[in-house]
Every structure is written in C-alpha cells, then in structure tokens.
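A, B, C, D and E label the chains in the order they appear, each numbered from 1.
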Amino acid sequence: MSNDPKSIIEELSDHYQISEIKEQKADLLLLKIPKEDAVQFIRELRDGQNYTHLAFMTVIDYIESGIFTLTYMLHNYAAHHNIAVHVDIDREQTEMESIHELWVHAATYQRELREMYGIRFPGSPRLDDDFCLEGWDEIPPMRREFDTVSYSRERFFDREGRITTDPREHMKQIMYPIHTDND
Amino acid sequence: MEFWAVKIGYFLITLGMVTVYGLLLGAIIARTMARVQGRIGIPYWQPFLDIIKNLGKRTAVSHGVMFYMGPVFRIAGGIGTLAFVPVIYGSEMFSNFHFAGDLLLAMYFIFFGQLGMALGAGESGHPFSAIGVARGLGQMTAFELPFVLAIIAVVIQYDTLSITEIVAAQQGGVSNWTLFTNPLAVAAAMLAFLGMSGYPPFDVFTAPNEIPIGPPTEYHSSFLALMATNRAIFASAKLILFMDLFFGGATGLIEMIIKTWAIYMVAVVVGASFPRFRVDQSIRFFLRVPTLIGIASIAFVQIFLLG
Amino acid sequence: MTTKDQSLGPLANDGLSPEERDLFSDARPVPYQPYPIEVVEKFVNWVRANSLFMLAFGTGCGAVELNPLMTARYDAYRFGFQPRPTPRQASVFMIGGYASVKTLKRIIRSYEQMQGPKFVVALGICPVNGGMYWDSYNTVNQFDLYIPVDLYITGCMPRPEVLLAGVLELKKKIKEGRADGHNRYIENLDWYKANQKRIIKNWDMPDYSW
Amino acid sequence: MSLKDLISPFYVWQRAFEKPYTQKHPIQERPGAPRYRGFHVNVLEECVGCGTCETICQNHAIDMVQVEGLEPKPGDSGLRPKFDYGRCCWCALCVDICTTRSLRMSNHYAWITEDPTDFNFIAGADNMSWNGEEYGYRRDDDYHLLRGERVKMEMLAPEEGLKSFEEVMKGYTEEQAKDEADRCVECGLCVATCPAHMSIPDYIKTVREGDYEKGLRILYETNPFSSTCGRICTHRCEEVCPVGHQGEPLAIRWLKRAIVDRVPRERYREILGDEVVENGKQVAIVGAGPGGLSAAYYLRRQGYGVTVFEAQARAGGMLRYGVPSYRLPDNQLDKDIEYIRSLGVEVRFNTCIGREVQFAELIDDYDAVFMAIGLNVPSSLRVKGEDHPRVLSGLQVLDDVASDKNPGVGKNVAVIGGGNVAMDAARVSRRMGANVTVLYRRRIADMPADPEEIHESQAEGCTFVTQAIPVEIKDADNPDQVTIVWGEAEMVADEKGGRPRPVLQEDRMHEETYDCIISAIGQGGSLDFIPGDYRDQIEFKWGKFVPGDYQQTALQKLFVGGDIANNTADAISAIEDGHHAARGIHKFLTGELVA
Amino acid sequence: MIYAKRRKRMSTQEHNAPIDLESGKYVKIWQGPQHPGITGNMALELVLNGDEVVDCKTHVGYLHRGFEKLMERRTFIQNFPIVCRIAVPEPTFNEYLYAAAVEELAGIESPQRAQWLRTLNLELMRLASYLMWLGGIGASFGQATIYQWTVTHRDYVLDLFEEMTGARVYHMYIVPGGVRAGLPEGFEDRARAVLDGVERLLNEIEKVLFKNVVFKARAKGLGIISKEMVDPYGIVGPNARAAGFTRDLRRDEPYLVYDQLDFDVVTGTESDAYARAKVRHQEMREGIRMMRQILEQMPTDGPFQAKMPNVLHWEVPAGETYVKAECTRGEYGYYLVTDGSQYLRRVHVRGPSYTHAIAVMEKLAVGTNIADIAGLMVSLHTYPPEIER
C-alpha cells in the first residue's frame, strides 16, 4: 500500500464518490464525500489507510445554499498528512450518522455541534446534555442567522452615556451646513 | 475554696498566655514556611486580626445545634488538654491542674476535641466536610497508635501517670531527657506528631486542593474564630505535652518557647518538603514504621531500662 | 440605584419543585447593622480591612493574574490578603473578568453563601461594560446589575501590581466604612433577583442561597 | 523507596536562607516596560480626528467627541477619541493605525475606581496622570498597518512628452486603481475640504469594489465634470488626506479618473438614470465653463429649460482654452460637456453678453440668470515696458494652442509667474521646441501651481529661476526679441505673521534677452457689460462679484459663480458654485429661498 | 512499595452496572467550578463509592464566550486581538496560528526575522506555561512550595514578554504579516539571565519534586494512559509522548524555524502522572536549549513585517486551511474557512484539552481515589477556555 495521499484517494475513488478534491498544501488534502458513504469512508481511512487521529470535527454553515458542510479532519501520523473530509447535509434536515464508535472524543464534538448548530447525531452518548450553554432555548447560537449583537444588546445592555460623532458628518454640520441639502 | 480560686485564676492567666503564644507561634511558623517559598508572609499579628474579624462577621445559616457544638467541643478539647499539662515545671502559676493521672486526662482531651469536631462537621451536610471527617478520624486513629505506644513506653519507663513527675524525672541535665534515655519512644511519638500537626505529608484531612478545606468547610464567622483560637491553644498544649514528656519540660518561659518552637519546627521542616499522602497511604505509613518503633520502644524500655 | 420598596415577606423560591422548597430557607437576609458604638465599629472595620479572605474562584481569565499576586513575587499575604477555598469563610470575591451566564449563576450562589460583610472587586474591563465580549451572547455586560461591586480595576488583564493596589484601595474603603455592597444587595434584593432571573434561563435554585 | 528520595526533598530549605523573591513595594518599583501598552495618550495638536481608531476598534471602545476649544478646520474634524475603559483591551490597533501617530500609549496601568462610569476619558484632553509620559507603546518605525507609498502611475517619459500634445498621465489600470483605493481609511476628512464636497470615500470604495457604475452615480451627485476633474483638479482633498501624514496622500484625483475612464460615455444616461421632466421655467446661464455647465446640468435635471450663452465658439471655458491637451485631452472634456448637452441644454455659441444679447434682456426674459463668465483679462505685470509686442499673455498662448494656432513663441522663452497657467505656458512652449526659463518672485515651495505640475515642468526641462523680480522690459537689439531686467530677491519674514515677502535686492540685477516673454501672473474679470442701474444693486470687491448664500446676489434673479465670484479660481470651485447656484435657483423659483 | 500495589488494585465497581444514586451506596460530589483543586473554571461531577470514583462527568462551558461566533463578525485584523484570549495561560499559540492561517489563505509570507521572533515568543510561552503547570502539579499533590517558586519564575518570563511585546499576559505580538516590533536593546542578556534562573529552578525541582518519596507514591501509577488508548481518544502532546509515542509537530512537520534548531523529542514509558510530569520537566530544558540557540542565531535586522493590504478592508480570498502547532498540551490547530469577504466564514479552534479534559478525564477518573482527582486533572494539563472557547 502506498503512503502517497494522492494514490490513496485514487484507490478509494473506485469505491467512493469522491469530489472536490483539492490539495491545499503538501500536508492537507480537502475532499468531499456523499453523506451516505461518509462514515464508511472515514472508517476505511482510519482502519485501512492509517488515518488514525481525528484532529477535530466541525461544521461550516452555508446559509445561502441551505447546507451544513461537516468537516472531519483526519491525520496520518506516519505520513504526517491531513485529510479533511467534507460532508454536505441539509440545513433543515440536520441529522448525521455518529462516529463516536470510531473515536471516543467525537462524542464531545457531536455534543457541541448539537448544541451550537442543532445537528443531531443519533446514538451519540450524552448528546442532549448541555455542553457550554445552560437552558438555551433560542436558535442554536452558532448558526449564521443568529445575531449575537442584538441578542447581547437586548439582554445584557450596553452601559449608557456614550455618544459618538462621525467626523465627516460633524464637519459637514459645522463647516458647510447649507451645502448639505441635495437636490 | 481559695486554693481553687487561685488555681483557676492562674489557669486563666496560663490560658491567655498560651493562646497569645500559640497565635504568635502560628504566625512565626507561617512566616517560616513563607520564607521557604521565597516570600515574606503574613504579619505577626495576622492571626489575631483574623480572629477578631471572624468574630465580627454575621452568622447567617443554621445547620442545627450539633453543628454549633462542634467548635465548642473542639475548644473544650483544647482547653481541657492544656488544663492538665504543666506548662512550666516548678512554677506554681503555670502548672495548671496537674495531678497524679493527668496524662490520661490530657490524652483523653486530645481525642475529645477531634470527635466533637467530627460530630459538628458531619452535621453541616457538606460532602467535603464528611470526607474530611472520615479522613481525619482515619488518620487520627492511625497516628494515635504509635503515639500511645510511645506514651506507654514513657509511662513504663518513669512508672508514673503524672506529667509533672515525668518532667521531674528528666531534670538534671540534657542526658536525662527521654530523647536520650528512650530515643525509640521519642521517634515514634515524633512521627505521630507529624500526623497530629496537620502539615504535609499528613494534611490530607484539610487538603485545600482536594476537599476545599475539609471538616471546617461550612464553618464561618465566630465558629471559625473559635476554631482558630482552639488551633492555637491545642497546638501549644500539644507542644507542651511533647516537651514535658520527651524533652525535659521547661523551667522557664524562655526555655518553654525555645523548646516548643523547636518541636514545632520538626513538623514544619518535614511539611515544607513533601506533598501530602493520600489517607490510605498515611494510615498504612503510621501502622508500619512508627508502630514498629513504638513497639520496639516498649520492648526497649522493658529490656534495657527496667530489665 | 434607587431603593426598591421592600416587601419583607418570605422568598418565593418558585424555581424549585415543591419537595425541594422545604429543603431551602425562605427567610430574607437582613442588612448588616454596624456596632452601636462608633469606636468599636471603626476598630472592627480596621480589622476587617486587614484580614481579607479571598474566595478562590477563578471565574474568568482575570484569575490568571491572581496566581502571581498570591505567590512569592507580589506576596499579597503581607497585606492581610489570603485565599480561602470555601465561600463560607471568605470575605472578598474577586470577579476575574467576564462572567458567562452559566458562571454568573455560580457566582450568585457563591456570593450569597459568603457571610457579610463581604466585598466584591471586579477585575478587568468586562464587568464594566462588556469589554472584549460586549457582543457575545453568553457574557454579561454590566456586572453590577446582578451583584453589587465595591471596586473596579480596569485593565486586560489588570497586572498583579494593580490588583495589589486594588486590594489596598479596598482596604481604605473598608476602613472608611464605605464598602457597603453587601447591604445594597440585601436592601435591593428584589431588583437584583429580577435582573438575575431575566438572564438565567433555568433558575432552579433557591432565591437566596443561605 | 530509596533513602535518597527521602532526603532530597529537604533541599527546599535552601531557599529559606536566600533572599526572598518578594518585591518590597511592587506598585512603586515596577513601572510598565518602556514598550508597555498602558493607558492611552494623544497629542491633541497632532491628531486630526480622522476616527480611524474608532473604525478599527473591535470593541467599540472609542467614541469621537468634540473637545472644547477645537473647531473643525480643513484636514481636522475637531473631534478627538474618547476611550471607554470598560471596553478597551489594550491591543493598540488604534495606535498602530493612527494616521498621524498622535495616538500613543503610556506605560501606566493602574486605575481603580468605585464607579464604573468613570472609565471614560478623552486621551490628551482630560487631565490624566499619565499624560505626557515618556515611555509606553509607540508604533515601531518598521511596522505599518497603512501603506505610505502611493501606487505609481504610468506616465509618458518627459522626452516623449515633449514631442507631442499627447496626454502625459496614463491613468491607473484596474489593478492599480484597486490597489490605490485600498489605502483609503474612509475617514471623510477630505469631503469638507473639497469645494464640491464630493463623497470621496464613497466613490473610492466603489473603485475598490470595482463597481464603476455606482461610482459614476456618486460622482455625478456633486460633479458633472468628473472626467475633467479626474485629470486637472487642484485636489485640495489630497492635501488634507490623513494618510498623507506618514507618506503620500491618496491619489484621490486619479481614482476619480479611474472610475470615469472605465465607463463609456454612451452608457451615462442609462447608468445615471437622468430623466428630464420639463417644469416650464427658464434659466439663462452666461458662460459655458465648468461653473455654467454644472449649473446647467443640475438645473436641467430638475426640469428647468436652460440656455447657455457662450462668447467663444466652443464650450468649456478655461478648461478648453486654458488647459493644454497633454493634461486634459479635448475628447475627455467633450465627454463631460456632451453628456450635459445631451440632456437638452441649449448652448448659444459666439454670443457675448453686452454684444449680441443685453444684460437687461436676460434679467427680463428668464426666471433666473446664472452668471459664470470667468476671468479672461490677464493681469498686468506692472513694470515699465510691459506692452512690448514680444510680451505675450500666458492665456493667449494657451488659447492659441487650443485653437490650433501658432502662438509664435520663438526658441528662447521666459515665463513669468508660478501658477498653473505659467506652468502650462512653459510646458506648451517646450512642446513648441523652445528653451524655457520660469521666473518667479518667491521660492518653489511658494508656487501656487500643483506640485506635480512643477515637477513635470522641471522634468521636461524648464529652467526655474526663483526669487527673481522683473524690474523692466525693454527692446532688445533684435526687433524680434525682448530684454528683461530682473533683480534677485531676499525672502523677508512678515512681521504680521503672514507668508514671507520677497524684497528686491537693488545691487543684484540681471539682464537677459529672450525671443518672447510670457506673462502669466494671474487674470482679472471684465464686468463692463452690466448696466449702471443694475450695477449699483450688486456688491463687488476687487473686480469680482460677492455672492450671498446660494450664490445669489442682491439682484434676486441673478446668481453668480465661478472664478468671477470666488477667490480660489479653480475648476472644482466653479463646479460647486454652479451646483450650489442651481440649488439656490431651484429654491428661489419654488419660493423656498427668501432673500 | 506503595505505588506498585496501587497499580495492581482493581476497581471494585463493575462498570456495566448502572449507578443507582438512591441506593445510598454512592455519594455524588461536585468538584468545581468553585473549587481550589480544579484547573480554571470547570467542574467535575463525581460519583463516589467510598473513596473511589465510580463515575465522572466533566462539565464545561463556564468560560464560553462564543469566540467562533465573535470571530465571524470581526474583520481579519480585528480578530487578532481576540484570539489570544482563547487560551488564557498560553495565548501566543493562538496568535501565531491565526496569523499563520490568515497568511496562508491571503498568500502573504512573513519575513525570516519575524519567524525567528515568533519562534522565540512561542518557546518563551511554552516555558511560562510549563512553569505554571509544574507549580500546579506540585500544589495539587500538596507541595505548595514548588508552586510559589515556579509562578514567581513564570513572572520573570512574563517580564521578558512585557519588554518584548508590551504586555504580560495577552501579548498581541504576532500579527498576520509578521510581528509588531523587534527585540528591545539588551533583551538577549536579560533573557539569558532569566533562562539561567529557570534552569537552576528546574534542577531544584528535580531534587525536590521528582526525587520525592511522597510525590512518587502519589503520582506513579496514577492515570495510566495505555498505548491503545492514545489514538481512539485523540491524545496528543506530552500526554502521548509520556506513553511512548515520539510525536512532536515541531519535528514531524516543522513550522517557523524549528527545522534549524537542535532539540530532542522527550518521551516517557510509564505513561502515568509521574511520567507526564517528567516529560514536561525535560521539555522545559529542551525549550531553554532551543531558546539559547535562537538568541544566538537570530538575525538582528531586516524587516519583520510583510507588505500588507490595508487592514481596514482586508478581503482574504476564499479558501480553507488547517494550521497546527505543538503547544504545551499537544496539537493546537486553527481551521479557517474564508469566502472572499472581509469576514471569516468559519473558524474552528482545535485545542488539545478538548479531549484530554473530557473524554480522557472521564475515562481515567473511574477507579481513581477521590484524593487523586485534582492531581490527575492537572497531570493531563488542560485549559478549560480552549475547550469551550
């Protein structure tokens, strides 16, 4: 078995539908895999190709196209190489197969993603326990439609008594007030 | 009656003196420890201020009568211990209520305080208090064994249960001290003393990093002040007892101060150098070497001194 | 802050289940009354100022500079300032910067368990006006809405030197008898509770943690 | 368990016999390091209140507030940063980005208070203990968040330029324009200084974004001569650009050009969306220069019928006849003018007021009159013999060149003056193959001409003789030549604090002979056509109109603008006058403006 | 030997049996968040059977500030001051990784000198962080003396930071594009003096802590991470090295100037708390060695900042990358996704504590004596703020 990441991917391409392969740098390869095959593919990478370390898993919110892109960052200690496996899931039907059986700490990541994005990973231990938040009942905060500034202003209030002036407007008002009324 | 009135008056003077001395000694030791840690440490009057401050705090919550009784038992234990230990040999004023069997009573009071405390702390309902109590009692039982063995050795050696008589027997030169006449008993007792004084490696029952502060977790304001006062009295009483039993007692105030300080320093020197044992480790420790030394000391007394 | 009209009835404890309610006291705390003799009160205040027990609770990043403060180089022990592991025995609460909502809940409980007179020192910018996390959904912006603060020390982080200066300043304030945050809290308890309950979503604790 | 493990820990006690680590008085003994990022200080005099610090602050810790005693002035908003120490994280990005480097940090760090609202202060203005502290964080000289160097524009090599009247500055490529626009800090200080108050930061932003259509719309809000101004504007905005405090200011003028260059004339109407809905009122405009036409544009947009009277055969006024085509190619000027005319503005060429049309007729026939007749009478040198036939006026030379006539300057030319007209005359003469000497009373730094113009003139081989005061002009031996006598001058400081004055040194006189002398020391206007009865109603000063608000004169129907009514005498001021007069006329005719 | 026996001891709890808290057999206690024996602000929910822990749950989130959310709404330069707050005792790695990731996506290369300065900064940070930790491990086992010493020496290192960067804790020195300033005059000498002091301290600690019978009794055999556990639990850094894995990003995938420095990767075999402490202790010596080399070889002039676009409206081209570095706890990484706007699309901060403090801690705590929990926690070296961010 070759250690060259490219040939590994070529080899796996026979069985999996790998798309959007991009070599970001010598030690990082990005690729995308359909949702159904993802866990099997990751298992294959772990068991077959020595990508034994899960650096992290996270999600990217593409609100415009209505998808969440899950990223699994796998590492091969022998080849010193990372593969980022992307999986697109529907932003409305947020459910994904759990990988806590492959890596124990994945359960924690899944817990976090459940809380921060509302993605469900059926079977993942303690999935519904609070992670960082306590009794959160709004939109999951990391989703892009959640506006943290207005939330903060509404609940925690800025201290009063601050006022700022825009230099341009200020100069306009004092230096050329009658030139301001445009046609 | 007049005799007792005078005695009680003398005892109160002794008590006050010992309290002040105990608190000062606490500060001195804290500063010594601080010195090892490369810093200056608390001011000498800090323990006094802490006590006044705590007395000036408000009490807010009730855990029941037993909870309040804890520190009272505790200070009763401290005062009781002191009451039967002659502080300065040959001084009417500082001899307290010594009588023929005072050693037994002193020993009893050492236990009494701890048990009372355990009772009160257990009442607070705080799990860390309970854990602390369990550890404290466990360890106490363990270090009492070599301690008692050492006491027995001494009692056999001097054939008396009166502390004053034990001190008297050690007069007449350094070589008469139990330290030199029965070094094994002293070794066992000093090892027990390490456990008794609550410095590492035997401070697992307060262990601020594991169970916040152990039994006194819930104690606050005046109860805490009482406990701090007791710590001063009890520590001094213990030191004086050790001084009397093993280091020839004291015939003057200066001698008392120097000797007790030196005994205390043994615990401090060890304490600054080691981390703490877990409670199972410390129990195991006391039940091995110190106990063996204690048994050996009795044998030593039997064979070499009396035999 | 205005004094809210004080209904001296028992606390509701309505966040608790009925069974649990019996376990917790519903009595209201009462403000600290100074000693009737002025000299005594002054003396006790002086003693209080020189015997400050800090609660060892690193609530935020500000706590990292408490380590140097309590160790050899700065040695705050010299000034009668020492850490205490349990709130029962502590008299000073150093709020280490930002307070997340989850921590705020614990801060409230710890603070209420401290026995008065007690003092709160807020470190850093975040308790003042939100600081770096002014737009975060999980940190409070104005800490004094929830717990009365006696002293603010600005900086991010405030250095140990300025923490020490803050301790000295606090001592001054206590000596002058002006550090009355604990009384403000009790006198305006309903107002503070309303503020606290507005942001703490699962209020499952007694209204006052005795 | 070895014995060693039992003994070795007692080594801790060694420390007990050493000096403790503790510092006796840490508060006093430990000031912040020289580079410490402590509390802010600001040098109020250096700060220009651009607000860039506020922009970059991710914590919203900075407010720009008014400070007592500081009024806005060109290049200084009069605002100063106020810090909220309930927000600041001492990252010093504000110090790094500060355009003037006036904002710094001291090494003080202690501020304790009981009142959380205390932590607000205006650095430098409020009396803080750390003001004037010597140490503290400063931006390192080798560390920049803003680029000081301007993107260089490609230009015709001087030797090439001399061969023709081809445009010298080539304009930015798209890439370069974006790069240059990227330097903008969007403070908007320039807007107040720009006579037309163009939305400079906004259109620079469109360059950055590559949205030139939006850029054009922004330009036309205030300036219908964008193509022209993008080339020859006096760009006073650049003088006040805060970025210029530590390097070169933004090339605002070139960026304006970058927008216009990328939009074809044909698409203007569509992009600008100018729809004319006639409102039936008629306005007469005298002079088809930048002032007149810009008024025409804005009036026309509002539906006024506009008639422009122009004495010359072509529109553009001074832009056409006073600016040589290597600076402003005709087709670029035409681009602007054609668009205005395409909206239905009628221009009557070769129609001079007082000759073909009488002033009173205009006042009577039209609802309002805007007069922007410009300055076309050269100022006198006021030396003996200045009416010598070989003394030409700079304007005349430029006019001739623009009209494809040969001004006949000869091979050896002296240009007197230091303004843009003088530079243009000199460079035009160079293109005619002459050797040019520029004589100027003061120093180069005092020249009113644009620095670029001076620089390019020098590059093209014009010789500059400064501190030279003409004394007399007399006949030379050759009748086709002329001799000038000039004396060296010393600069003497003015007691009243004005700019230094040149004083003639009688003992150092020179005499030179040239083929011709071009006098270009300024122009005046001619107002002879205004009949006396009107004349009495209108206010004049030094041969110019003195307009009131909205460029209106005491003769309510008459609005004036351009060089004849302002003291700056440049295109952009004329454009603003026209725009402003258009506003005024609109208000006047809708009855909003009550005199 | 006390500790030898401990290892053989089996847990009395059968792990499969559900824990019935009502049975009276168990006590549930909370260690934290207000607890002196916890690192930072987090909590352990422990179920005890006597002195033995039968169940452990880590509770985090007390320091959650939503960094990733906040970073999504700040511009690229505005993020630079905020990232360092993610790991309080060790902010520099955040600064470096953020800068490196942005530079990679924006196609900027920081100058050589900046790279040396960054390396120096990171290594100083590692030293300061380890010093704090070393004190922590001492204190958690009851040896408060060590803690006092090391925190003081850490303060001397912070003095160096103050001189070099202008701040003690949050340095904000490594900016995208380079660093903010060169070294102040005379810095090298002062740095060497501090390093000498720390080296002396390390020798003292060697005698006092590592050759200490009680410490050995406590730490040996505590929290053994088996070799098989390392990958499924994602264990990295010194915790993995103590288990015998020679994994160190500085050597395996050299970044900055690590390929020009001579250092050894320290490993252990026992994989218990003692071995982990030993590995870190040894790594500090390696760090000091490295810093001496850096001070020797570092270029003293030249630019330290690359040419940058105007940061006020800096748009980084769309892309994504993952940049990592070896921090004191292992692989620290920044995963950045940009979409060509002035803002980040997504950032994920991968901190090694994430798994160490939760999955690993929950596993190792079971069967441990309650008294050892604090020591175990410290021995894993975790920082809560990087877990919850």
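Quick note on the criterion: a contact is a pair of C-beta atoms (placed from the backbone, for glycine too) under 8 Å apart; a residue touches a chain by one contact, two chains touch by 3 or more.
Only a predicted model underlies this, so the values are computations on that prediction, with no experimental measurement involved.
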{"item": "Smallest count of steps, each to a touching chain, taking chain A to chain B", "value": "2"}
{"item": "Joint neighbours of chain D and chain B, given as chain labels", "value": "C, E"}
{"item": "Per-chain Cα centre nearest the global Cα centre, belonging to chain", "value": "E"}
{"item": "Cα-centroid distance, chain B relative to chain C, in whole angstrom", "value": "36"}
{"item": "Inter-chain centre distance, chain B versus chain E - centres from mean C-alpha coordinates, in Å", "value": "43"}
{"item": "Distance between chain centroids, defined by C-alpha means - chain D, chain E (Å)", "value": "55"}
{"item": "Intercentroid distance (Cα basis), chain C paired with chain A, Å", "value": "38"}
{"item": "Residue list for chain B, restricted to those that touch at least two other chains", "value": "34, 36-40, 208, 212, 272-274"}
{"item": "Sites on chain C at which at least two other chains make contact", "value": "71-73, 75, 78, 85, 102, 128-130, 132, 134-139, 142, 156, 159-160"}
{"item": "Chain A residues counted as touching two or more neighbouring chains", "value": "132-134, 141, 146, 148-149, 159"}
{"item": "Pairwise chain contacts under the document criterion", "value": "A-C, A-D, A-E, B-C, B-D, B-E, C-D, C-E, D-E"}
{"item": "Touching residues on chain B, where the partner in the complex is chain C", "value": "34, 37-43, 46, 49-50, 52-54, 56-61, 208, 212-213, 216-221, 224"}
{"item": "Residue ranges of chain E touching chain B (in the complex, touch as defined)", "value": "2, 27-29, 35-37, 51, 138-145, 148-149, 152, 208-209, 212-215, 217-218, 369-374"}
{"item": "Contacting residues of chain B [partner chain D, same complex]", "value": "32, 34-40, 269, 272-274"}
{"item": "Chain D residues touching chain B - in the complex, by the definition given at the top", "value": "9-13, 15-16, 18, 20-22"}
{"item": "Residue ranges of chain D touching chain C (in the complex, touch as defined)", "value": "20-23, 26-27, 30, 58-60, 84-90, 109-116, 118-119"}
